[in-house]
Amino acid sequence: MNAILDVRKLSLAFGGLKAVADFSLALAPGDLQGLIGPNGAGKTTVFNLLTGVYRPQTGGIQLAGREVTGLRPYQIARAGMTRTFQNVRLFGQLSVFDNVRVACHLRTRETLFSAIWRSPRQVGEERAIAEHARRLLDIFGLGGRADEQAKSLPYGDQRRLEIARALATDPKVLLLDEPAAGMNPPEKLALRDLIELVRKEFDLSVLLIEHDVGLVMDICETITVLDHGVTIARGTPREVQADRAVIEAYLGEPAPEATP
Amino acid sequence: MARPTDMADAARRLSPPLGGSIPRSLLPLILGVIIAVLGQLLVPAVGDFYYTLFINIGINVILAVSLNIVNGLTGQFSIGHAGFMLVGGYVAGIITYYGSYALWGSTKVIEVFLGPGEWLFVAGSVVGGLVAAACGYLVGLPSLRLRGDYLAIVTLGFGEIVRVLFQLTTPVLKGDDLAAASLGQKLTSLGGAQGFGAIPRYTTLFWVLVFVTLSLLVAIRLKRSTYGRAFLAIRENEIAAEAMGVNTTQTKVRAFVLSAFFAGIAGSLFAHQLATNLNPRELGFQKSFDVVIMVVLGGMGSVSGAVVAAVLLTILPELLREVSGYRMIAYAFLLIVMMILRPQGIFGVRELWELGGKKKS
Amino acid sequence: MTKLLQTLVDGISVGSLYALIALGYTMVYGILSFINFAHSDVFMLGAWFSFVISRAFGWAEVAPPAWSIALVLPASMVLCATLGFTIERLAYRPLRAAPRLNVLITAIGVSLLLENTGALPFLFGTQPQSMPRLIADRPLATIAGVNINVVDVVVVVVAVALMMALQWLVFGTKLGRAMRAVSFSDKIAALMGVNVNLVISFTFVVGSALAAAAGLLYALKYPGVKQPADASWVLLGLKAFCAAVVGGIGNVRGAMLGGLLIGLVELFGAAYVSTTLRDAYVFLVLIAVLLGRPTGILGRAAVEKV
């Protein structure tokens, strides 16, 4: 089976500090994989490398068979990989509806001229965008708040809006950066269901960074563990839990876990 | 779930397809022309002073609305708008002055409404706008690639360089000199520090209003379109916008080029009006700041806000003319207080018709 | 050869002035990420304060004593420092969290306020005045046919002394370390116990004092002091700002280097290429630097956290 996301030996150093060393990963279509590690392990840096925010110094990234190394973030989004952010990056002053609509921009053929001219095609595209955005918001339960300012949303809704927005770009691969951060247990449960739903309904692959180890162990099929930029373990949740190096670096003593 | 991979395809699937929208698309423009004709007929009746005032209001509206696209909608920091005015004004002036001579052997104004003289003027204005837009591209592309305040510094520098260069031009050619001059000489004889006073004065309220309508049409339609949302997204969070597929550099450059185009047209209208000469010293950074103030006071991103601010800030200096020394002090205090008390400007990002109740999506 | 040396002397002299002014811009930008457009007006007021003080002592008619400059300089610096402190406190501090374009407008407002208040008839008026010669206008020495004027020597010596004092302040004292910390990140500095408000006020005080010194020195070198509302002050400020950018905005040593560089470029350009383009050289250098090395000669790119 061909990997939808094929990452080969990415490295990035800031000055003398090696942030990520020889990171490799293969994501198959429909996969849900996790990326964990202590703070500062380089997880978000990996996301930044994958989405083109940073340029890797070594290695390569292939998305759906296409080489995307060194492309700018908007090009990678157009190629089908998008993300959410560790610190929520919504378009604060825009409405919830507009936040999602912006993410539809890359799927339009609109030019400056057609926008000004209001051609029939442009009007049609606007309607399609509105439909698409409304549908997404309804799935995420945000339909009722479509006209509110994004920054006025409660924190949990803001995080979900970010995911909805990312989905509007119609990705093949979705990178979620600590989506459960700051959530309470019922919210986390809802999030877990949401991620499962998204994966199935939207037919995509998910790579998840999370600090809530329970959540990751629960839904991810494969987990990669990072420490100081180095991959120290990879495997099923059970394998990773039992891995010596992982325990030392991160988990501490394995606590009695609910079986996955 | 079925998902559209392309909005245009999705649009086709939504039935019925919308048709007959070309007349609808042109309706505001036609309306604007009618208002322009009415304006031209009625306003001169109230005297020269008000006629000139209305023309100045119109020019400032075009400037504010166009700068709003860059500073307001896209949140970039451009403070060299007057430089584009100068470029547009001089290019248009060259076309009308030296062009009139080439076509009709005389540089006198042909005072026929919609006559050949006026069309030369309109063509010159558009070319002036295009050249200004080209300058916008040259200035914008390298600076907008960088994040931060570099655009501010570059646009400021650009405005000053343009001003200095035009001040170096040789006196305008007249009479026999004009007949004998080469193209190159004509292009560099633009009056120097004295200004290009010989430009035939073609600006009428009619044409000002036509261009005002055009600029408003463009600004409002753009803001409501997906491009407008892209501009705002860049302003709100450029990194997120880029991650969601917006080509931020290209989009910023486009906003900048478009705004430079209209500044060029405003410059041409300014150059051809009766009341003032096109003089580089009039259109330096002080003018650029004036326009920035209009945009910020009116509300960053609000087209109607920019219009209101442009109108107010054109009229205000006239009203306060008697107390000139203290007028500027009062104005300065007003600015400082406004910024402290209401930093989002009068309207914020909303339009006049969106106030009171939720913003309609 | 004579022309070369003369231009060199002039360039260094003017460059020192640009450096002093540029320091104010760069320090404020480093700390607040804000272009303080009112800074050129503080520079202007430094010149005018010096003029008024000198005239008050009667030094316009009577030959001033040798120590006159030792009185006028600190007096002018103190006045401008107070002014800078007040401006920051009243106009900029309330806008600490506002978008930068807004603070820019405020700065423009302050600039207009200072210019037009200064232009009031009972203050400095609308006419240029002649600055009393606190330094005798005679050559100190003649090298290779070039007159090295006392004024130029004084300008360079005072400027260098002030810059060295600043260098010591920023790199050798605890307060200076606090300034550098705040310019790196005000949040982290606050967490480390730095009184950020104090540091910011102090930055404005120091920058304004340096601008005042530059104002006095400028008035000594070019005794025809233009009226407050004249555009030439803002133009000078702009050039100094370009110097700060060229050297690396936010970088103190960069401002000194940039100032010197811009001074030399302007004078050599005017002498060897064309005097009428004098104002343009600075901006051309600016654009060249921004295209080739946007962070400036000594600047370092800040990495934004994503």
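Each chain gets a letter, A, B and C, in the order it is written, and its residues are counted from 1.
Heads up, the rule we're going with is that a contact is a pair of C-beta atoms (placed from the backbone, for glycine too) under 8 Å apart; a residue touches a chain by one contact, two chains touch by 3 or more.
Note that the structure is a prediction, hence the values are computed from the model and not measured.
Two chains share more touching C-beta pairs than any other pair, namely A-B. Ranking every chain by how far its Cα centroid lies from the centroid of chain A, the top place goes to C. If you average the Cα atoms of chain A and of chain C, the two centres end up 49 Å apart. Taking each chain's centre as the mean of its C-alpha atoms, chain B lies 34 Å from chain C. Between the Cα centres of chain A and chain B there is a gap of 41 Å.
Contact of a single residue of chain B with at least two other chains is seen at positions 239. For chain A, residues that reach two or more other chains under the stated contact definition are 53, 85.
Residue numbers of chain C whose C-beta contacts span two or more other chains: 306. Of all the residues in chain C, the ones that touch chain B in their complex are 33, 35, 91, 94-95, 98-106, 108-113, 115-117, 119-121, 231, 234-235, 238, 241-242, 245, 276-277, 279-280, 283-284, 286-287, 290-291, 294, 304, 306. Residues 51, 53, 72-74, 77-78, 82-83, 85, 89-95, 97-98, 101-110, 112, 115-132, 146-148, 165-166, 168-170, 201-202 of chain A are the ones that touch chain B when the two sit in their complex.
Contact residues on chain B toward chain A in their complex (touch as defined above): 1, 3-8, 10-14, 17-19, 21, 24-25, 217-218, 221-222, 225-230, 232-233, 236-237, 239-248, 254, 258, 349, 358-361.
On the side of chain B, the complex with chain C involves touching residues 71, 75, 77, 79, 142-143, 146-147, 149-150, 152-154, 156-158, 160-161, 164-165, 167-168, 239, 284-286, 289, 292-293, 296-297, 300, 325, 328-329, 331-336, 339-340, 343.
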